[in-house]
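First comes the structure, then the notes that go with it.
We call the chains A, B, C, D, E and F, going by the order they appear; numbering starts again at 1 in every chain.
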Amino acid sequence: MKHLFIDKNLKYSGLELAPHWIYKNYKMQGDAIVAFVGECEVHLTEMVDVEDVINNEPIYSKCMLNFIAEMFNIGLVEGVLRQRLLITTIKEVLENDYGIKVVRNGDDLFINDKKLSVSIATKSINSVLIHTGLNIDATGAPVDAAELNSVKALDIKDFANKIMIRYTDELDDIVLASTKVSGR
Amino acid sequence: MKHLFIDKNLKYSGLELAPHWIYKNYKMQGDAIVAFVGECEVHLTEMVDVEDVINNEPIYSKCMLNFIAEMFNIGLVEGVLRQRLLITTIKEVLENDYGIKVVRNGDDLFINDKKLSVSIATKSINSVLIHTGLNIDATGAPVDAAELNSVKALDIKDFANKIMIRYTDELDDIVLASTKVSGR
Amino acid sequence: MKHLFIDKNLKYSGLELAPHWIYKNYKMQGDAIVAFVGECEVHLTEMVDVEDVINNEPIYSKCMLNFIAEMFNIGLVEGVLRQRLLITTIKEVLENDYGIKVVRNGDDLFINDKKLSVSIATKSINSVLIHTGLNIDATGAPVDAAELNSVKALDIKDFANKIMIRYTDELDDIVLASTKVSGR
Amino acid sequence: MKHLFIDKNLKYSGLELAPHWIYKNYKMQGDAIVAFVGECEVHLTEMVDVEDVINNEPIYSKCMLNFIAEMFNIGLVEGVLRQRLLITTIKEVLENDYGIKVVRNGDDLFINDKKLSVSIATKSINSVLIHTGLNIDATGAPVDAAELNSVKALDIKDFANKIMIRYTDELDDIVLASTKVSGR
Amino acid sequence: MKHLFIDKNLKYSGLELAPHWIYKNYKMQGDAIVAFVGECEVHLTEMVDVEDVINNEPIYSKCMLNFIAEMFNIGLVEGVLRQRLLITTIKEVLENDYGIKVVRNGDDLFINDKKLSVSIATKSINSVLIHTGLNIDATGAPVDAAELNSVKALDIKDFANKIMIRYTDELDDIVLASTKVSGR
Amino acid sequence: MKHLFIDKNLKYSGLELAPHWIYKNYKMQGDAIVAFVGECEVHLTEMVDVEDVINNEPIYSKCMLNFIAEMFNIGLVEGVLRQRLLITTIKEVLENDYGIKVVRNGDDLFINDKKLSVSIATKSINSVLIHTGLNIDATGAPVDAAELNSVKALDIKDFANKIMIRYTDELDDIVLASTKVSGR
C-alpha cells in the first residue's frame, strides 16, 4: 500500500472522497493513502454520513490535516475496521512520538476532552474510501476542539508521514498474519 | 456479541482454541468472547502459529488472563483486524481505567518495554478464533515479561469485564457504522 | 433486525426502494423492515425489474400493504433467498392466523388463483433492498387480483406486525443456526 | 442443479453428510440433491448439530425419506436459507399435491402438531451440506411424530421427485432473479 | 452461460458496456457473451479505464469484432481473471483453427508485433462487464495494428462463435472443477 | 507473490499439496509458488481429485518438473481460474522462449497430441493450493506422454523461473487491473 504527503494546500469539501481521486490526481494506482493540509468544509449535500445529514451537522474546520485512503476489493465492515486502525495509529503516533495523551472513542479522538478529529468510511462499487481530518486550527468548528497547533515540536509533514508509514506497514502485516496460521 | 468471565481457574493449552469450545462449555451460541485465569502452556503440537512452530517457540506463562473469542461467517483478514482491535482495547482500558502506559506493536503489548501479551487469530471452516493472554504472573516465561500483578488496584474480573464490554460494544458499533453511509 | 408499522397512508412509487430510505425517514439504522398502506404506482422509469421494463409492465394497485426491507453487507443471491422467505412468511401468517389457503409460486402469492402480491429484490452498493406489496383494494390492477379486503377479521396493522415479527425472528434464527454446527 | 431418487434402501447414519458423498457414490458432480428411503440413526458422535450434542439428543426413526444436498462455493448463512427453502418446498408439495396441512416452524415441519421432520445444514471447506429426513414409519422416534405413511395415495418416489424438481427449479430461478434487476 | 452473434453492424461507443445491455437488447438473462461487428470509437468521457483517461488515450478502430460479456455475482479480481481467459481463448482459436501465431501480453494480443486487440473489465453494482475488440480494419487506429482482415479464410461470424463456445464451455468447466476436489 | 526454484531433487507424493508446506519448508510466508524436479507418484489415498479417485487413476511419472502454489484468502473458483492461468503461462513460455507448439485443453497441455502435464487446484480452510507437474522423463506414465527432455536447449531451472516470474508478475498485474476502472 502506497502513501504520499501532498505538499500543497488543498481544501477538503467531501468531493475528494471519490473512487480513483488519488489515482487520477497523484498517479498512485491501487491501495493508497494520501495526506494534505487545508480548510475542511463539507456541506450536507456532500456528506456520506447519513447520520450527520439527519442531524443536520455539516463539518467545518479552518485548517485540518486530512487523510484520504482508498482500498479495493474489500467489504465495508472490514473497511470500518481499517478506519478504526487508522484512528488508533494516529493516537499511538501522538503518544509514542510526541508524548501527547489521546483518548479514542470509536472513530473519534480527544485531547483533554476536546475533539481532535472527524472521520468516515464508505464504499464505492469496488473500493472502500476513508477520510480522517485532524484539526490544526479549529477556528469556526461547531464543537470545542483540540488542535495539532498546540502540540509542541510537531511538524505536520513529518507527523503525517509517520502515521501513514505505521498504518500501511501494519495493514501489510495484518494481511500477512492471515497467512501464517493452521486452520482449526 | 456475548461475553462471559469464567469464575474458575482453567489451564490454557491451545486445545481450547477450537470451534464451538465456548458454545459446548458455556452454552453461549454465536459470536462470543470469554475470559478466564490460569496457567498458559502451549506445546508446539497445539500451536496454530506456524511462525512460532518454525522458530520452535512454545508458549509458557505461570498465570495468565486469557481471552478466547469466536466469530462466525467472516474471513481471516477481517479476523486479524478484529484481533488488533482487541489488543487496542486492552491497551486503552489499561490507560483509561488504570493509568498504565502501554505500547502496542501489532498484536503485542508492552509495559516499560516488557512484553505483556501473547495473541493469535486463526480460522476454522466457519469461524474466526482469537486467543489473547496477558501475564498475571509470568514466572517461567521465555522472555522478559510485564505482569498485571504489578498494576495497582486491578481486580482481574473487573478488568476483564471492562475489556469485553468495550470490545463487544465497539464491534457492534462497527457493524452499525457500515450501515449509515451513502455509497460513492 | 428492527421493524415498524408506519401509521400513515403513503403512496409507493418505487422511489422508496432506495438505500437508507428507512433510516432517513424513520431513524431506524441497520437491517430493518417497515410496512405501510397506500396506493402503489410504479412507472417503468422507476422499476428495478428489467424483465418488467422489457415486457412494458408497470405496476398499479389502488391500495396495497407495502413492505420495504433493507439489509446490509450481503449479496443479492442471499437477498433473493431472504425475499422468498418474506413471501413464505406472508403465506404462513395468512394460513396460521387467518385460515386462508395461499399458493406460492416463486415470489408470487395467489389466493383462489388470483394474484395477491408484487415483489422485487435488488442491490445498492452496500445493501439489499426488498419491496413486497399485497393488494388491499386492487381496483385498477392490470391482472385479476386477490385482495386482503376479502379476508375476514384481518386488521392490516396487526397482520403486518405478525409478518414482520415472524420474519425478523426467523432471520435472526437463521444467522444463529449458522453458528451451531460442526464443519464436515 | 441435479437430482436423483436412489432406488435402494439405505440407512442414514450421519456419515453420509460428507463432501462429495453424492459425487463419489452416484457420479453426480456439482450442486445436487438425492433422496432415499431407510432407517435413520445418528449417534451423538456423528452429529453436526452441536445444540443436539449439548442436549444429548441423538436421532432415531425406523424409516425415513432422506434428502441429502450439497451445494458448492456458498457461505453457511446462505446455506441455511436454502435449507429453509427445502423445508418450505416439502410443505408446499404436501399441501398442493396431497392436500395435507403442514405447519413450518424454522426447519421443522408438523402435521397435526406432530413432528414430521429432522433437518440440519452445515459447511465443509468448499460446500454446504443439507440433510432433511421425513418420517415414513416413526416407530422408536424420541418425540410424538407424524408419518408420511398416514398420507393417502402418497408414492414415496413420486413425492420425493416432486420435491426435488420444485426445489432445484426454484434455486435456479433464484440465481436468475439476482441477474434481472437494476442496482439502486 | 449463453452466447449470441449479433448479425447486424453496431458501433461500439463504450455506452454498451453497461449492466443489462445484453438482457435489455437481446433478451438473454443471466451470464452471457455477445459479439458484433462495427466501428469502435470510445471517447474519454465514456472510458472506464482510468489509466487511459489519465494518459488521454481514446480508442478508435474503423471496424472491430467486439465482444461484450456480463457475469453476475462475482468480484472484479475474478472478473479480470475471466477477461484474461477470454483473451487466451481468442489467441488459442486463432492458433488452433487458423494457424496464426499470436502473442499475449496481459490483456493485449499481438500478431507480428502489431496490436490486434483492446480490452477492459469493470464492475457494476452486481456484475462484472468485459469488452474486448479485435481489429478487422484498423484504419485510423492510434497504434500500428494487426487486423483480422489479413487472416485467410476467416469468417467473422464463425470465428466469433468458435471463441464464444470455447469460452463459455471452459467457464462452465472451471466452476465444475471447483466442485470435484477434496479439501486439504 | 514470491517464487523459488528448489535446487534439490524431491519426490512429489501429493502430501506436499498442503497448507503452509511452502512456508514450513522454505520460510516463504504468504502467496508463493515453488518449483522442483523429482519423481511424481500420487496414490489414490493422497489424491484430492475425486474424479481421478472415482476413475481409479493414480498418477505416475518417473521425473517431473513440479510447481506448487499456495494463495490465501480467495475462493476456489478464483483458484481454478488462477490454475488455468498457470497452465496458459507454461504454454506461452514454451512457445515464446523455446518455439514449441503447445495445445491447451482446460488444465491439460499437449505437445504433438501427447500429454505433457497433470494439474489440480484445491482448497484448504484459508488458502487455495495448486499442483502442476510437467513430464521431464515420463517412463511409466499411464498415458502416451510428452516430455520436456525432448525440448532442445531447455534448462529446467531457467525454464521454471521464467514461468514463475511471468506468472507472479501477471497475478500482481491482474489485482492491479481491478483497481483502475470506473464502476458502471
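Here is the rule we use: a residue touches a chain if its C-beta (ideal position, glycine included) is under 8 Å from a C-beta of that chain, and two chains touch if they have at least 3 such contacts.
A quick note: this is a predicted structure, and the numbers were derived from the prediction, not measured.
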For subunit B and subunit F, chains touching each: A, D
Any chain in contact with subunit E as well as subunit F: A, D
Between D-E and C-D, the pair with more C-beta contacts: C-D
Centre-of-Cα separation between subunit E and subunit B, whole angstrom: 50
Centroid distance [mean C-alpha coordinates] between subunit E and subunit C, Å: 39
For subunit C, residues contacting two or more additional chains: 19-20, 23, 29, 50-51, 72-73, 75-77, 123-126, 175, 178, 180-184
Pairs of chains, among all present, that meet the touch criterion: A-B, A-C, A-E, A-F, B-C, B-D, B-F, C-D, C-E, D-E, D-F, E-F
Residue ranges of subunit E in contact with subunit D within the complex: 19-20, 23, 29-31, 72-73, 124-127, 175-176, 178-184
Footprint of subunit A on subunit C - complex, ascending: 20, 23-24, 27, 29, 72-73, 125-126
Interface residues, subunit E side, partner subunit A - complex: 50-51, 53-54, 75-77, 123-125
Subunit E to subunit F touching residues, read off their complex: 17-19, 47-51, 74-82, 84-85, 88, 92, 96, 103-104, 106-107, 120-125, 129, 170, 173-175, 177-178, 180-184
